[in-house]
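Following are the structures in question.
After this come two complexes, each holding subunit A, first together with subunit B and then together with subunit C.
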Partner chain A sequence: MSSKSINLTLKVWRQPGSKAAGRLETYQADNIPTDASFLEMLDIVNQRLTLAGKEPIAFDHDCREGICGMCGTVVNGRPHGPERETTLCQLHMRHFKDGDTVVIEPYRARAFPVIKDLVMDRSALDQIIMAGGFISVNTGQAAEANSLPVPKDKADLAMDAAACIGCGACIAACPNASAMLFTSAKISQFALLPQGRPEAAKRALAMVACMDGLGFGNCTNHKECEMECPKGISISNIARLNREFIKAALVSQEK
Partner chain B sequence: MQLDAKIPAGPLETKWEKNCFDLKLVNPANKRKFEIIVVGTGLAGGSASASLAELGYNVKTFCIQDSPRRAHSIAAQGGINAAKNYPNDGDSVWRLFYDTIKGGDFRSREANVYRLAQVSNLIIDHCVAQGIPFAREYGGLLGNRSFGGAQVSRTFYARGQTGQQLLLGAYSSLMRQVARGQVTMFPRREMLDLVLVDGQARGIVVRNLITGEIERHTAHAVVLATGGYANVFYLSTNGMGCNVTAAFRAYKKGAGFANPCFTQIHPTCIPVHGDYQSKLTLMSESLRNDGRVWVPKQTGDTRRPEEIPEDERDYYLERIYPSFGNLAPRDISSRAAKRMCDEGKGVGPTGRAVYLDFAEAIQRLGQPEIAARYGNLFQMYEKIVAENPYKTPMMIYPASHYAMGGLWVDYNLMSTIPGLFVLGEANFSDHGANRLGASALMQGLADGYFVIPNTINGYLAGSRFAEVTDRHPAFKESVAEVVAKVKRLLSIKGKRTVQDFHRDLGNIMWEYCGMGRTDERLTKARKLVADVKAEFWENVTVPGSRADLNQSLENAGRVADFLEFADILLLDALARRESCGCHFNEAFQTADHEALRDDVNMSHVAVWEYAGEDKEPIFNKEPLVYEFVKLATRSYK
Partner chain C sequence: MTWLYRTLSTSVGKKQLMAITGLLFLLFLCTHLLGNLSIYGGPTSFVSYAEHLHALGNLLVAAEVIMALALIIHVITAVVLFFENRAARPIAYNVDKSGGGRTFSSQTMPYTGLLILGFIGVHLATFSHHIVDQTTRNIFLIATDVFSHKGYLAIYLLGVIIVAFHVRHGLWSAFQTVGANHPKYMPFIQKLSIVFAVIVALGFGSLPLVVLSLR
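Take a look at the complex of A and B:
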C-alpha cells in the first residue's frame, strides 16, 4: 500500500425524510487518503460536517467487508460504484482520481422508498423471501446429514446462487427495476438441492407472485443486473427460475 | 447475587437429557398464551426465534439492521465444528468437548461444554435439511477442514462464507414463521432498556431508529442474543453496529456480567494502516490450514519477502509449537506474533505485521485449488491492500475479534434476572478464557435451535405472571430514563465527534488491555478511560434530532455504554490474578512466555454486579468444579 491523498467534489443526495423532497448537495472532500474505503471517505466527510454544525449524510452500512448487504448506493450512475464484483464498502479510494466529481444517490426503484439521504427501505426483499424462500423443516425433524448425498457440481452451483447478499443492486441496475436476479438466486439454490425439490413448484409460484405484487418490474433481458451484482450472481439463475416457473405452472396443482 | 448454575447431577453424558426431563413442560395449547421477546437475529437470535415460534410461542423479534439477515453472524467466514467424525480421524463428542475445555484454558463449565459437543451434530443435520450448501466431496458427501486447537478435521464450511450461509438458513426459517404470523419482526429497533416487574424480565424499551419513537414491548420472557462487545476496542473485526448496549442495560437492571476481560484477539487480520480506518478485516483462521506464518530471522530486515531466502525465515509457530504448528490456538498465535514484532522482526510499513505465506501450498496443490478453498478471502485481501496474495505473502496482525465474556447464565441460559435468557456471543457460557475457531457458530446455533426451546418451558411453566401491559409504571419509568439520556446526549453540543471519542477509548484499551497486560497499565487505563468518559459527557457533539433517523445519536448511546463498560472490563482484568487463555498478565507467565494459570485460587467465573451510578461493581464468583477432566497445563508443543 502506498497512501496518497486526493481531493474530490461530491454531489450527494440529501433528503430529510421519506416524504420530504430531496436534492443533490455539493461538498468538497479534500485530503482523502487513497487507501481509505468509500465508506471511510464518507466517514471523513461526516466528521467534518458534524464539526461544522451540519447534519452528516445518512447511509446504511454494517459489516464493511462486503457480506451483510447493508451498504449500497449509486455512485456515478452505478450501484456500488465502478469496480466489478465489489460492494461499496470494499471499494477503495485508489480507484478515483484527484479532482474527480463523484455523484452519490440512493437506488431509484419504486419498491425501495428513500427513508433519509442514502438510506432506503428494502423490506420488499424480505417479503419475497417470506413468500417461499425457505425449506419447510422444523428444528428437530432433520435426518442425518450424510444420508442425503448431493452431487458436488449441484452443491457448488447452489452455493454460487446462495452467495447473494440481498443488497438490491440488481434492482437498482435494471431499467425495469426487476427483482428477478434476487428471486431467481434463492429459487435456484433450493431447486438445485434435493432438499428443496418437494416444495420447488410451490416456491416458484409463490415467490414470483409476491415479487410481481410488490411493484418490481419485468425482466426483459437487459443483463445489467449481472453486470452490477457485487457477488457475481449469474443470470443463468433467471433462466432456471423461468424453467421452474413454467414447469410449476404447467404441472403443479398449486396454482 | 445468587449464582446457582443449576447443573444437573449425574454422569456428564446424561446431564442434558435428565435436565430436559426434569424441567416442566408447557402443553401445546398453553404455548399460545405466552409471548417471548427475542432481541437479535444473528445465529443465536434467529435460530431461537424460529424454533420457539415452531413450538407455538408468540415471538416478537428485534434487530438494529433493516433486515434480520444482516446480523453480524453473516460475516463469519471459516466454518462450524461438529463431532461427526466423518473423516474417521478419531473425533468424538468427548474429544470436541475436551478440545473446547482445553482451548478455553480450563475456565468454562464442563456440563455446558459437553452439551455443546453433544448437540453439535444435530446442528449440521438441521442445516443440511434447511438447504445450506456446505462444501462437499466428489462423492456428494460433506467435506471437512481443520481449525486451530484441534488435531482432527471437524469443521464444516461453505467456502469462506459459512456464517452467511448458516445465518441465511436461520433467517429463512425465521421468515417462514413471520409469514405464518408466529413471529412479529421489528427491524431497525434498538433495545435501550430492559423492564422488570416483580423482579421478572417482562419487556423492553426500544428506539425506533427511523421515527425516533420510544416504543414499549411486553412479554413473559426476554431472550437477549445481541452479540459481542469487541468494538470496545474501536477497531475490531466486528460490524460497525456491534455493541454492548443491550447487555449493559440488562446488567444495570441486575444481570451479572461474567468474565468481561476475556476478549479474544484474533491472530490473522489485515494490519492497521491509517487513522481514518473504521474496522479491521479478518482473514479467516482456515487460511492457516495451508498458509505458513513467518518473519525474517534477522531483526530490522527490510527486504521484500520474496528476496528473503528460506533459511533466513523463521516459521516461528512451526518452530515453537511443532505438534500444532500453524494451527496453534488463537491466543497463543496472537501473542507469538506480538512477541516477534516486539523483538523487531515485524514486517510491513509499520513493523506490526507478520507474513502468511501460501507459496508452498500453491506449489503443492496448484493455484486453482487454493482459489477454490479461499478465493473470496484472497479477493478481499487484494481489494483492501492492493497486493496479490497468490504472488506476495499476506501481511497479517492480531486484532480484537470476539468476546468470551458476557452476561452470566445458568445451565438453562437464564441470567441472574428471572425470565431474562441470554444466548450466543452475548452470554459467557462455553468458551472459557479462549474460544477455538469455528465454535462460536456452533454455540450460537446450539443455544438457539436446541437449548432455549428445551429450557424456556421450565421457567414459563414454573413461574407465576402478573398481568402486565405497557402502561405499567415500570415501563413509564424506563421510558423516562431512556428519553432523558437521549436528550442529554443531544444537548451537550460540544466540540468532538462521537467517533473521535470511540477511537480514543479503543486506543487505550488496545494499548493497555490488549495482548499483554500488567497491573500498572491496567490501573492507568482505568484513569485514562475515566477521563475520556468525563470529557465525552461535556464535549461530545451529536447533531440532528431525536425524532428521526439519527445515526450519530445511535452511535453516541453505544459509545457512552462502552465508556462505562470498559471500566468493568479493566477491573476484571485486574482482579484475575493469573494468566489464562486470552488474558495475559505479564506477572504470571512461564519461563517460555506461556500463560501461567492459578487453579487453586482462580478457577472461577468472575461475575460483576451493578451497585449504582459511579459505584464500583460488586465482585461475585461461581467456582468451577472439574469432575470429569483433569486440569492440565495447556500445551500445543
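Take a look at the complex of A and C:
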C-alpha cells in the first residue's frame, strides 16, 4: 500500500516534572506517513529526538486499540483530536494536512496534575471508582443466566454506559473540568441492572461526595463531554445520576 | 437536618438549587408576559390587569417573597459555582476548541446572569409599585414615561435580549439537572428552549413599542 507523507509543525507541552514549570516547544515533524496513528507519529518524533540526544516526549499509551483509556492528550484544543468517537491511538495522520501546525497539550484540570510532558495523574478517577463503583457480592460461580432476567433495552443502556474507558476526555473537554459524565456512566452501568440496585443509593451518594472532594468542577450542561467522549457516552447518563442522587438523598435510608 | 445541608452542598445539590429556582423564574416569566400582553387590549385592559394583580393582596406578597428568596438562592449558588468551576482548571489551554456542545448561551450564563441582576434592579426601580408611586399615575402612564426615555428603552430592550439568551440554555438545562432527560421528550425540550427564548425576546420586546404607539 502506497502511503503519503506529510510535514507537520508540532507545538508540544514540555514539562520536566510535576513541580517544574512547563512550556510549549516547537518541533518539526517531517515525513510523517499518513497511515501512522497519532501515537506512532509521536513515536517517530521521539525516535528522532532520542537519536539527536534529546529527551523524548513523555505521553501515556497502552493498548493502542482504543479500549484501555490510557492515551489522551488535547490536540488543537480537542481531547483525542478532531475525530468523533475516536481515541488518540485510533486517530490517523491522514486526518491532518501537509503543513498543519498541531498543538499538543495535556488535559487541564486541577484534579489531573501533570506528571511529565503529556502524562497526567488521572488516579482521581480511580478514587471515584473506589468510593462505590463496584458491587459488594461474593461472586462464586457464574449464576444461571436466566435466573436474573434483564430486559434487552436495559442491558443495552447499561452496556452503553459501561463502554466508558475512563480516559478522562470528558473532564478535559468540560469548560468546568467536571467529572460528571465519567461518574454518571459508572453509576448508570450499575443502576440499570438488578445486581446494582441494592447499593444504588449508597453508591450515588458516595461517588458524588468523592468526586466533589477531588477538585473537579460542577456540571453546567455544556454537553462538550458527550461531543468529545471517544465512546459516545450520552449526557442522559448525567440526568440518571441526578435522579439517582436525588432519590438517594431524599428517600433512601442512606445518610 | 445535616443530611439536607450536605445534600445541597454537593455539586449535584447546588445544581438542583439552580434548576428549581430557575424553573420558578421561567414560570414567573410566563405569568409576567401573559399579564403584560394585556397592553394589546389597550391602556384600559393593561391598567385593569395591574389593578387585579394588586388586588390579590397577600397572595401577591407571598409570590414576591418566594421570588426574592429564589433570586437570593440562585445568585449565591451561581457565584459559588462560578468560582469553583474556575478553580477546577487553574491552567488554561493554549488552544481551546469546542467539540460542538457549548453554545453562546451556555458559555455566557454567569455573565448574562449578572447583567440580568442589574436589569432587575433598574426594572424594579422604574416600575415596581413598592418603589414607584402608583397612586397619582396608573401603570400605563408610568410605562409611557419610562419608555419615552431613550436610555431606559435601550436598557429594557437589551435586558430582554439578555434574558432570552439566559433562558435559551437555562430551560433545557434545568430539566436535565432535575433528571428529566428522556429520548421521547428531550428533543422537544431542547427546541422549546429556543422557542421560549424567542417568545420572551419578542413578547417582552414588543411591549414598549405597543405602549409608545398607544401614547
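By definition in this document, the second predicted complex is superposed on the first by the 247 of 255 C-alpha atoms of A that agree within 3 Å, B and C clash if a C-alpha of one lies under 4 Å from a C-alpha of the other, contacts with A are read in each partner's own complex, and residues count from 1 in each chain.
In the analysis below, contacts are C-beta pairs under 8 Å (C-beta built on N, C-alpha and C of every residue); 3 or more make two chains touch, one makes a residue touch a chain.
Given the structure is predicted, the values throughout are model-derived calculations rather than measurements.
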Subunit B versus subunit C as contact partner of A:A143, first or second or both or neither: first
Subunit B versus subunit C as contact partner of A:A239, first or second or both or neither: second
If touched residues of subunit A are counted for subunit B and for subunit C, the larger one: B
Touched partner set for A:V74, first subunit B, second subunit C, both or neither: second
Which superposed partner A:N218 touches (first subunit B, second subunit C, both, neither): second
First (subunit B), second (subunit C), both or neither touched by A:G166: first
First, second, both or neither for A:D35, with subunit B first and subunit C second: first
Contact residues common to both interfaces of subunit A (with subunit B and with subunit C): none
Sites on subunit A touched by subunit C in the complex: 11, 13, 24, 74, 76-78, 103, 105, 108-111, 173, 175-178, 180, 208-209, 211-212, 215-228, 235-236, 238-243, 245-246, 249-250, 255
Contact footprint of subunit A on subunit C as seen in their complex: 3, 7, 10-16, 81, 84-85, 87-102, 106-107, 109, 169, 172-173, 176-183, 186
List of subunit A residues in touch with subunit B within their complex: 1, 3, 16-17, 33, 35-37, 39-40, 43-44, 47, 49-51, 53-56, 58, 60-70, 85-86, 90-92, 94, 115-116, 119, 121-123, 125-126, 129-131, 133-146, 148-152, 155-156, 158-159, 162-163, 165-166, 189-190, 193, 195-196
Complex interface listing, subunit B residues touching subunit A: 47, 50-51, 54, 65-70, 72, 74-75, 84, 86, 121-122, 124-142, 158-159, 161, 164-165, 168, 171-173, 175-176, 178-179, 185, 187, 210, 239-241, 273-274, 276-279, 281-282, 349, 379-380, 383-387, 449-450, 453, 495, 497, 499-500, 541, 543-544, 548-549, 551-552
